[in-house]
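Before anything else, here is the set of structures, which you'll find just below.
Common to both upcoming complexes is chain A, partnered first by chain B, then by chain C.
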Partner chain A sequence: MIKDYKLPAVNTRQLCFLIAFLFPIARFLEAPRLLASAAKGDLLIPALLSLLLQGASIAAFLFLSYKTDKTLFQLIENALGKWVAKAVYFLLTAYYLFAAVLPLLDLEKFSYAAFFDTAPTTFSFAPFFLLSAFLCTKNFKAVGRSADLCLFLFLLPFAGILLMSIGSGDFSSLLPVFSEPFKSSLKAVAVTKPHFADGALLLPLLGSYKYEKGAAKKAGVAFAVSVLFTLLFLAFFYSVYTTLSPREHYAFAKIAQYFPALAVVGRIDLILVYLLSIVYLFYACLPLQLAVDCFCKAVNLEKKGLYSAVLHIGLFVFVLFFNSRYDAVYALYSQYLYPLFFLFADLLPLLFPLLLIKKKTKAGTK
Partner chain B sequence: MVNKGLLGDLIARPVSSIRLKEDDSTSTPSEEKEAGQGQMGGKKRQNAGGRGEVSLKILRQNLLFPEIKEKTSLQEIVKEVLDGNALLLADGVQTGLIIGAKFLPVRTVSEPPADVAVKGPREGFIEDFKTNATLLRKRLKSPALRIDTLRAGKRSDTVIGLCYLDGICNPDLREALQKKIEHIDVDILPDSSYVTALIAPRKHSIFKSVGTTEKPDVFAAKLAEGRVGVLVDGSPIALTLPYSLNEDFQSGEDYFVSPFMATIFRLLRVVAVLFSLFLPAFYVSTQLFKMQLLPLGLTLTIAKGGQELPFSPSMETFVVLLIFETLREASIRMPKYVGTSLSIVGALVLGEAAVSAGFLSTPTIIIVALSGIGLYTAPNFVETGSILRWLYLIVAGSLGPFGLILAAAFTLYYLISADSFGMPPLAPFAPLVKHDLKDGIVKYGMEQLDERPNIYRPQNKTRLRTRQKGERRDQRL
Partner chain C sequence: MKELLSKIKAFFCGKNAHAKNAVRYFLIVVAFLMFLFFSNDFDLINIQQSAIVMAIGIDKEEEGFSITSQIAVPSASSSQGEKGSKTVNVVTKGKTVAQALEKVNEKTGWYPKLVFCRLLVLGESATQENVFDCLEYFLRDEYITDGCLLAACDGKAEELLSTQTPIDASGALAIEKVLSNHAERVGASLPNTLRLFAASYFGEAKSGFLPLVKAEPLSPQEQGQGGGSESSSSGQTGQSGQNGEKSGGQSGQESQPEKVFSASETTLFVDGKRIGKLSKEESFLYALVKNQLRLASYTLPYGQETYTMTIKRSSPSVKLEVGKEAKLTVELALTAGVADASQAKDLPDTADEGDFPKPLLQEASKKLEEDIRALFEKCRALGFDLFDAIDKLQKYENEHFEDKKDTLLQEVGLSVKVAVRGIR
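So, the complex of A and B:
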């Protein structure tokens, strides 16, 4: 065995790829429709506001990794004690499970829309839980490497889809900017918060990611690329569907279907969509992976397999029950529970650096 | 097992001449004394040796054979004799002389049938360890080349050569591999594939964790990259570690043609393999779950052809693939002349008849044939690819394109999370090793490949020095 290897599980490049190529996919499914229904042609403004909030939590994560090599658990344990650390990890477990629900339901509905001409049963979606259960048994090194894969799986299909849809877009529909009251943009921020809550997904990577020189700049560029991808897609989406946008579920699967050459060669755009779907599969599994990891750390479990299996059986039962209550679950999240996302994805990452200050005061340094 | 002619000329004749000399009392007393003192425990007997007995020294002086070893342990002597060497025992001498007159039947060095090259060397390894080591040494005339000889197999006592370039290969890797081989406890080791199975980190994986080659030039090049090689006596297939999936899409010939051509070949192989893995599954899933994926004209043509078929598309593709695999298996096992006619019967007569009889549709046969051919562009990937193709077909037939995507994601994640001897199989793509992409799918020119691949963590990185210190690229020539 080539020993290592004191290399971190996730390196700066992989962190950047996570930000640039994995996170944007979360905003391609239902977020465009929700943004358009709340902010109409101004949908780019709430998206930008949400992304800025996310940028702050990414910056907080980088600051933490710059200041300490410790894992989040060790950081909390050092500052507040073991039991508080365990409690926070239980809370994070709960949050990640809670945050995994919408991507899961989105994926289910999206799979029915994009992968089937027929009317599939819920059992057609069940194998996803096998994949997810398998992913949850893997460590953060695999998460980092999946980010590397996302570079190939994201860039080409994304560019292809945009190129195919450019001809059918009317970009003037995005003008004038600020045509809607700012209040509607704020409402759109709240409604789509579950889709812009990726800041929290980085927290458990603390300790597995070691800050390298120049990482802040690279992460900044990656974040800018992520913002660009998101805004580009939203702009294309609204320009293609304009006033119909609020009704277009999973537009991402059909935005390129109006490309004239497709009549001759078939829906090859769907192949690009399917490739991007692999990225979405990785994204949908990420909160579950983090939930399993946090739980195992909180209860000091070495093997993740059993917990992962139990969790996924539970999730499958949940999907079976709430499959037909999709709209109700969505309404619950976007109308009542969105503050939880603000708390965990935006506020919590900004609070964790305070633990460093407390530790320093205790230790009497600086 | 022994070369009798050599034994007669270089051993028996000189020995008989010693006897003649001794009979003539030509050996001096001082020689006899020296010889007697040189043997542990044999002093008494040898000193007691008088007329008619011969000393070890005299024997060694008179024997003309170049490879003679002295052995005193009965166990070692038995081992050497079982290896095919001759043993010379002399009355009064307690040391056995092992004469390396082993003469084992070996085939001649020829081009390996599974690794044919249009350009480049055509030599292939054979079943003899010494010949293989010589073929390697011929290409790497460096004192840094080490071939550590290990033995495994309780009954076969097979020689295993651990080959590496000292100062280049990562010592951690070599030590780990050596330990693994030393721990092999098996009855017989007839082939290197046994070693692969016994040292593989993932025993139940359908993916290889050890690279294989039958060509000494490829083997030498891999050692020069920093890998460790394993030669097993009795096997023409050499092993190389660590293994990356990327290797299966490379050919020795890529390094003997222009980098542009090599890149095109590699791209072709990747595309062909992807097609062969996914095409049957894709066809079935479009027929059953997502017809939109095909253009309308093609959908209508397929629908027209399949109207009166007795099987569903998934069953039909399954059957055709099964026939294909059966024909392939049979044509490999059959004698060559029968195999050729069998291929013709299988491909033309059986296919044509099945379509005419209305059992199978033409598109399915075309798709399976394309898939079958495509996989052979990467011969080392055939085993894994064949299994994957079946899996994807079954998944696509039951779950459609969504199942196919799930299976692809599962495969990818499995590959990125599985390390083989410290190296992920999908490297240099995941994890992305920018430096090593120069010899990934895109092949750079030799001048750009001036450093060994980083993924093997070689001790010495420089592979090619074309510039003097301070000289700019444009200053050369």
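So, the complex of A and C:
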């Protein structure tokens, strides 16, 4: 029997903050460029489609947490047996590692471009792995606390960046809506799927999060806020860069730089960018935290430290070798491997509620 | 060492009583490293080794590109009794723009820092072919803002940036003055940035404009009055180096005639190539329709005299309608008053309800309508989409876009209405 961990609860507030303030950051770096490449001025449409899919995954998670207090592992174990549960957790471990790659490479490239004027040393990015390794040794309380921090780290810089960029934008460039063929929007949904795959990030929190009365409404509002932030940011981005949008990397670090006062006082917008980068740090750590947790549960390891250390040394080596193949990795994910994100981030969360039905039938036959 | 190992072991295994402290140490180390992560460059920014590039001039040559980097040189102002900061123009050549810029470091030992570069000037040779051969590097590079000013010039950009001017010790800063927001607001020039120029190039019309910067000589009297104070810190000696490359300090030993810059003319680009230019008067008309001007000055002949009006506010509107025929409607509402006349007038005559303003305003309205039509026809003949008709077709008449986008510019009719309201 797998040891039943006493997981500290992630409360509803933290879950809402996670949805509203942590998840949107994934779409602020490279997703705007990719959306604009495929759908041009219609970039809001594929973004909305992707977000609706994500909304369904979040709804499935809330439904599960409403119906049961069990962890995902226990749920699978009860319905399908221990070995299936272990296999699913191994698969989830692999998926989270796979999902962590793009945020990791994005963050590395972005930090070098935004925070360094000249060639940084190879080890400049190493502190990220130390932070991540530390967070991975912690339980899900760390996820909840990250979410709490994100309220302040996200809201102020986000509002500041939008306010600073409003004067540089030409919002008529978003017109006309539906000017591109719907096929382009679907293509944009596919290529940006890795950036809209947050549905899967909630699954392991099952059992750690205790459903509270009214939580569905609160999470619904948080999700609506997340959608609003994402669409607002994309609209601002495209209005600033219009036809240049498909060429513009690191969207949130750039759109505020045309604020007239910055010519006099310098790039004070970078302070806001730093703050959002910390939110992105937490976001990039999240799949790694989940991967470590899933692996430790699958092999029944109590202490995560050793595995976390080994994983992060491996990731460091991976980043060292693959940062020069950034475009190739991106092409691989967005052209060939994106169906995996649909499978794990959209389909799987919608399938897990079926485990409850099976369990009921079993109980009934007994 | 043993203690450290036991702490590491404690951290991973959690069986040691000091495990809690190990986590704290770890957090302190992480916090310190995160600080380094977010604010590196401590060792890389060395003002003695960094060239703060203020402006770049680009000329195209047979074998590649010639780049003129105007570099600010920090110096103690009291040391030689000079005022203001020195600038140096370093000319480097390369097969690509990046290679040419890299040579700044090879030649001078300075590492060129582009974060403060606020001006790119394209020489005439660079504008004869697709200018994005030169600009692509700056669009890609994350260390130069694409919000920098972009301008063109006749002749060589190198010569323009090397011009001595009494306006400022740095030619780049003097050029930036004639391309300022204020100059744009009063219609004195039509500044453009790399971002906006590139956005128009990648748009459907592929039409863009750049201000044409000129260095105009001062009269001997003017030179005598204004040239003394800062001339010692401006100008390029133009010492020849290897491979025809030059780097020159602003020694002030050689006396060059001082000039002032103007950017009242505008160059037009289609597909990245220079296809024509607008005169000062045409540029003003374009500015009048494109921007909302404030306190702009407009001079017109009326009767036997010449009048100057102050346009206190201009509110332009350009609409495209596509029915059986496509039609552009330009509406320009101006609020203006008579500022001066070539012959003195009594105050009541030039007042709101005086004899002159009403017919003068009507004349201004009529002349502006005619001139705007003529300007449009000139640009149409050049294939330049002056009023963004194709852009408007895509945004507001998208159902006709595929059918009309190639022929619109030649077919579209133009209706111009200028209403001038008098005000003192």
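Keep this in mind: the second predicted complex is superposed on the first by the 355 of 366 C-alpha atoms of A that agree within 3 Å, B and C clash if a C-alpha of one lies under 4 Å from a C-alpha of the other, contacts with A are read in each partner's own complex, and residues count from 1 in each chain.
In the analysis below, a contact is a pair of C-beta atoms (placed from the backbone, for glycine too) under 8 Å apart; a residue touches a chain by one contact, two chains touch by 3 or more.
Because the structure is predicted, anything quoted here is derived from the model rather than measured.
Of the two partner chains placed around the shared chain by superposition, chain B and chain C are both touched by A:115. Once the two complexes are overlaid on the shared chain, A:45 sits clear of chain B and of chain C alike. Contacts of A:355 after superposition on the shared chain: neither chain B nor chain C is touched. When both complexes are overlaid on chain A, the residue A:14 reaches chain B alone and has no touch with chain C. Shared-chain residue A:277: touches chain B and chain C both.
In the superposed model, A:134 makes contact with both chain B and chain C. Of the two partner chains placed by the overlay, only chain B lies in contact with A:151; chain C stays clear of it.
In the overlay built on the shared chain, the residue A:256 is in contact with neither chain B nor chain C. With both structures placed on the common chain, the touch criterion links A:124 to chain B and to chain C. Overlap of the chain B and chain C interfaces on chain A: residues 111, 115-118, 120, 124-125, 127-128, 130-131, 134, 263, 274, 277. Chain B makes touch with chain A in their complex at residues 170, 172-173, 176, 242, 289-296, 298, 395, 399-406, 408-410, 412-414, 416-417, 421-424, 426, 429-432, 456-457.
Listed in rising order, the residues of chain C touching chain A in the complex are 11-14, 23, 26-27, 29-30, 33-34, 36-41, 44-45, 111, 113, 115, 118, 139-140, 142-143, 145-147, 181, 195, 198-200, 202-203, 394-396, 398, 401. Chain A meets chain B in the complex at residues 1-5, 11, 13-14, 111, 115-118, 120, 124-125, 127-128, 130-131, 134-135, 138-139, 141-142, 144-146, 148-149, 151-152, 263-268, 270-271, 274, 277-278, 281-282. Across the complex, chain C is touched by residues 111, 113-118, 120, 124-128, 130-131, 134, 172-173, 175-176, 179, 241-244, 247, 249-250, 257-258, 260, 263, 274, 277, 303, 305-306, 309 of chain A.
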